[in-house]
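In the part that follows, the structures are each spelled out as structure tokens.
Shared between the two complexes below is subunit A, which pairs with subunit B and subunit C, respectively.
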Partner chain A sequence: MNHQNVAKMKRPKSNKAGYIFIAPAVLFFLVFTAIPIVVAVYLSFTRYGVFDAPRWIGLRNYINIFTVDPVFLQSFRNVSVYVAIVVPSVVLISMVVAFMLNNRKDAKVFRSIYYLPALLSIIAASAVWRFMFDPTYGTLNQILRLIGMQSQNLPQWIYHPSTAMASIALMSLWMILGINIVIYSAAVRGIPKEVVEAAEIDGASSMNMFWRIIFPLLRPTTFFVMTMTIIGSFQLYDQIYALTSGGPAGSTTTPVFLIYMNAFDSFNMGYASAQSVILFIVIIVFTLLSQRLTRDDY
Partner chain B sequence: MGGRTVTKKTREKHAMMLRYVILTGAAFVAVFPYFWIFLSSIKPPGEMMSIPPKVIFTPTAENYTAILGHGFLEALQNSLFLSIVSASIGVSLSCMAAYGLTRFKFRGRETLSFSFFAIRFVPFITLLLPLYTIMGSLGLLNSMFGLIVAYQLSHIPWMTWLMRSFFLEIPFTYEDAGMVDGLTRWGVFFRIAVPMVAPAIGSALLLGIIFAWNQYFIPLILGGFDTSPLTVGLYRYVGGDESPMLFGRLAAWGTLTVTPVILLSIVVRKHLVRAFAGSDV
Partner chain C sequence: MKKLTLLFLSFVIALAILGCGGDDDTSILDVFDGNNGNESTNLVIWGEVPGTDADDIREAMAFVSDNNPYGISLEYVPVQGLGVRLAAARLAGDLPDLVLWPRPDTATYAPKGFLYELHELVERDGMNTDIFYAEALRELKHDSALYGLPVDIDPWGIWVNMGMVESHNADLTPSDPDYVTVPTTWDELYHAAVQLTRHDQSGNVTATGFNINALRGAFYSFLLTIGGEIIDENNGVVNIDDTKGTAVLEFFNDFYRHDPPLYTRGIDPIDAFAGNRLAMTFGPLYFERQVKARNASIDMQFISVPAGPIDGVQSGVIGGYGLVIPRGAKNPNNAWDIMQWWTNDQEALLAYTDIYSALPANITLWESDSIKNHPLFSSVIDEIEHYRVRPVVPGYINFEVQAVFPTIDKLELEMDNMTVAKALEEIKRIGDRTLALERE
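So, the complex of A and B:
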């Protein structure tokens, strides 16, 4: 922050070179954000099938989304199943692991192994997970068989509506836990030593220490992780595309997958645009709400 | 009294061992899929689907030789070109933008800076649909040029935010001295500012290459058959039917797709969190 004050005092007020430096940034926003958003909003009021010109139909798309077509709302319900599994798991597991890693000499090695999955192509990861989920040959069911589970009780993973979304959530956990462990580790390191020492002198057990001291002190980080994970969940798409194509029985159809299908499979660009505008608004509202909440937190 | 300390010590020892087992177990879970995909890629096709899975087998390279004739080299070439060129352009533009955002005063500077962070909240699909329409009317679909332009959508926001945080850290005094010595703004930028953040530029470039290498949503939508990188090629296998023979090829393709990323990730370890979390948490 200090730098900005210095900047205010010392920087030349206007400088032509400055505009050239800023130009790429501004141009980027015009080309990739401002113009596409305006075009998306325009298309959302049209019937547009890629091959013919867009035709203005007013609010028709929006009305249909909320009255005729139940799938879009269903896709948000599907995402909420995913959020209900992923968010608490991410927070709890990353926090516990970060706590366990604290003050270890080998923490760096563990952390760099943990975040590897996040760096991998999701398509490559999906290839592996599709095979792990296979009810007959898959690794997961082989393990379950090994520990004595009866064949008829074995879960069908991504192949049954009741478990498909949970399976997708499991794969996502595998991918995103690492980076959240790293984020929590940094936060745990930031906890003042005196606080922990004082608790140790008072004879607090590890469990007590975790729930009474670490957990409350990490609240801002938890909030950050939760917000980012939920926003990521709204955009869940890649694993769906590669593993389930929204099925079985529509149980893993997410908003982005649905929009993608409407646009590039049914060529209903106008309708898809309207859905993407709604998704955008939902995310903005959610982000603003969560910011309000954090502000109250301090 | 003495007895109590001993039990406490053994309890601590047990707790420590338990911790180690949990942490190692988690590490195993994290890397298991790679070992597994690599093992599958060198398994003979007949032994792929056996129950229980075969651990001991004679490795074979036939899956690797098979994919070479099936578009692997073309896809590899596309991946290399797309990731290296797009990341280089992204880093150059982001560096300029970040420098401009930290060194010049203008109206809306803070808003513009924050926008680079906030753009990650915009759903990708909301931007990609109109981009498809716009690029279609400009004749840029299915072209390398169009893809490299579109890749900037995923590069520039985080790269600018990352570089901005580095430029904010280096003191202005060196640059002021340079100005006094008669360097132009560009001279100061290239000779003083850029060298000072060179390691950060390197990390941003490598991370950019990793992300572009993994990118598949953009080439899937805006690209065509001739512009397909490894990820899109891999999807054709994943989505295709899963006969054991094809699965071996898929595994070989997958192994070759992820190995470069694992190697690169070791190099960029340090700056990963900054890039991911958007701040130096």
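So, the complex of A and C:
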């Protein structure tokens, strides 16, 4: 019996055990990921209101999104403002803070403090931030008054379209920076000491060390953080629901907020599914762009 | 290949799942066959009224439970996101028996199969629906099918803080130009708003005359006060007369552009009104109960939205609850019995009225002493013929949220060079698109 035949005889036995081991994961993936995606894509070509059977209407939902829907495309412009503020801020601030904390004896204390907001429920945090954003009595404007800002120049925060989305971004940064600082801290600690020491021996300044050694070595982490933040940002919903309900003047209406309204307020599941598919595609495009941006060319 | 197989398998399972979602064609009279024998007498009723208000609803339910002739007891369960909860409960086979239903939602949910149609039962049981306020009953219909019975009427008008008015008038005589009366016209409302607003030395508003933040939500109410329409219900399109729409938006603009400003953003109307920092605000009848929970001694008066300058009439929009039976409920016959009894029984309705501060939708009760002698209800009844429910078209709420509110916000904030004419055009354009999507 040659080696090939032996391999052929053994394979079925080991495969069977393997399939049994991966079955729960595959089942979980099928039920909670693959099937919902397939269902959503199928439903996007139908008119479906939950209790009736879906009715096939071809591309009508997609055509309506681009020709009739007055707000869906605007919602992408709104969320782009959020993405433009949150994604670079998260990457830069987290990375810099993680770098600064590296080798500090009290790093654990600071990391814990930064992480604390992530433990709060968004709804509870929103209630506190709503008070802080109050133009008359809120903490933020009280501070601005203390440092001499005139009443008529005080920002209206979530109550004015020009500042509403930036205010939401501010609150989100407060909540999500901590976890990204922890991720970057782990990555910074994983940088080989000999590389850093060699740079120090060569007389590299802190800035040079950061931009020429640390930053490039953190690219895989940056790709992960950036991708997760992009996905999370495009899916912005909770803060909007709790703080602005899409206003003022529709300036904080986001794609997910509209998808939720169409799906669970109006029960236009087919239309909401079409909107979800478009959001899915946009997120994929941005993730691929992020991948190109953080690609290791060395 | 494996990925393709997985995808194909997912697709097949997905289609199988969706195939289970079809509706049954059982006749309503088969479901409501009058055979209560196997049904539970402990019924669950869902509603969206939360918090301390839920306790009032529970108290009203307890009265119904203790006094109905069928031995049925009602347990009130407050839920948030009624539509989602009903959909989930139906898929799980755990629906409530009744729902205290926000009537304006009927046109959106009824065509999607959430509720049982009840008109055949009304006919079978010889029920007289003329006893209900016609506008409230109309709000529970869709395509001439009836989906529920109205319980109460919730008129939205303007609450006036009489303490602040009296304090302002303390050193004035009625002939004084600054003297404030309870407003009955737009001009009087504007005059009162200006007079009752207080500023500090820096120009900050310390007391608000009229809660202008709420104006955008009152667009239809103000249109009604000049005999205007907002939606053509037959065709489901926006139908705002240019002259009347312009008049309302210009009136709003007068508030927005007043110098010094008449308001601050983000005030809590209940808190501000109870604390005598707000003199007038748009609100429902139960606003009084909410305010008095914080300041029991406050003197406040409800008025209909003041009459406008064209075809002027004091008016407003009414909301309110109805009783509906969700499609698939387990005890439909008992549910139908109790909702018939409750919406007809004088004592049960008056108990509800008393506890929850709402006008009963059963108009035969309007002649009762307790309603006629009630200072709040009697004044509302005098003007109720001019009140209207929100237009009964699918997606009306979306129309308000996507077309009316953002556009009036833009007018208020002078965004996108928004003018009154442009705002009116945008409400029509976006509104028609929003309603068209709902009609699809």
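The rule is short, and it goes like this: the second predicted complex is superposed on the first by the 233 of 298 C-alpha atoms of A that agree within 3 Å, B and C clash if a C-alpha of one lies under 4 Å from a C-alpha of the other, contacts with A are read in each partner's own complex, and residues count from 1 in each chain.
To be clear about the criterion, a residue touches a chain if its C-beta (ideal position, glycine included) is under 8 Å from a C-beta of that chain, and two chains touch if they have at least 3 such contacts.
Because the structure is a prediction, the values reported are computed rather than measured.
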{"item": "When both partners are placed on the shared chain, which of subunit B and subunit C touches more of subunit A", "value": "B"}
{"item": "Subunit B versus subunit C as contact partner of A:D238, first or second or both or neither", "value": "first"}
{"item": "Which of subunit B and subunit C A:V182 touches, first, second, both or neither", "value": "first"}
{"item": "First (subunit B), second (subunit C), both or neither touched by A:Q156", "value": "second"}
{"item": "Touched partner set for A:P70, first subunit B, second subunit C, both or neither", "value": "second"}
{"item": "Touched partner set for A:D265, first subunit B, second subunit C, both or neither", "value": "second"}
{"item": "Touching partner for A:V128 - first (subunit B), second (subunit C), both, neither", "value": "first"}
{"item": "Which superposed partner A:V39 touches (first subunit B, second subunit C, both, neither)", "value": "both"}
{"item": "On subunit A, the residue positions that both subunit B and subunit C contact, one per complex", "value": "35, 37, 39, 43, 50, 136, 264"}
{"item": "Residues of subunit C defined as touching subunit A within the complex", "value": "6-7, 9-11, 13-15, 17-19, 21-23, 81, 83-84, 87, 90, 108-109, 111-114, 202-205, 264-267, 327, 394-395, 397-398, 401-403, 405-407, 409-410, 413, 415, 429-430, 433-434, 436-438, 440"}
{"item": "In the complex, subunit A residues that touch subunit C", "value": "30, 34-35, 37-39, 42-43, 47, 49-54, 60, 64, 68-71, 133-136, 151-152, 156, 159-161, 246-250, 253, 261, 264-268, 271"}
{"item": "Subunit A - residues contacting subunit B, complex", "value": "3, 6-8, 10-11, 13, 15, 17-18, 20-26, 28-29, 32-33, 35-37, 39-40, 43, 50, 97, 100-101, 110, 112-132, 136-137, 139, 142, 146, 174, 178-179, 182-183, 186-187, 206, 221, 224, 228, 231, 234-235, 237-238, 242, 256, 259-260, 263-264, 269, 272-273, 276-277, 279-280, 283-284, 287"}
{"item": "Subunit B to subunit A touching residues, read off their complex", "value": "15, 19, 22-23, 26-27, 29-31, 33-34, 36-37, 40, 49, 51-53, 93-94, 96-97, 99-106, 112, 115-116, 119-134, 136, 152-153, 156, 160, 168, 171-172, 176, 184-186, 189, 210, 213-214, 216-217, 221, 230-232, 234-235, 237-239, 242, 247, 250-251, 254, 257-258, 261-262, 265-266, 269, 272-273, 276-277, 281"}
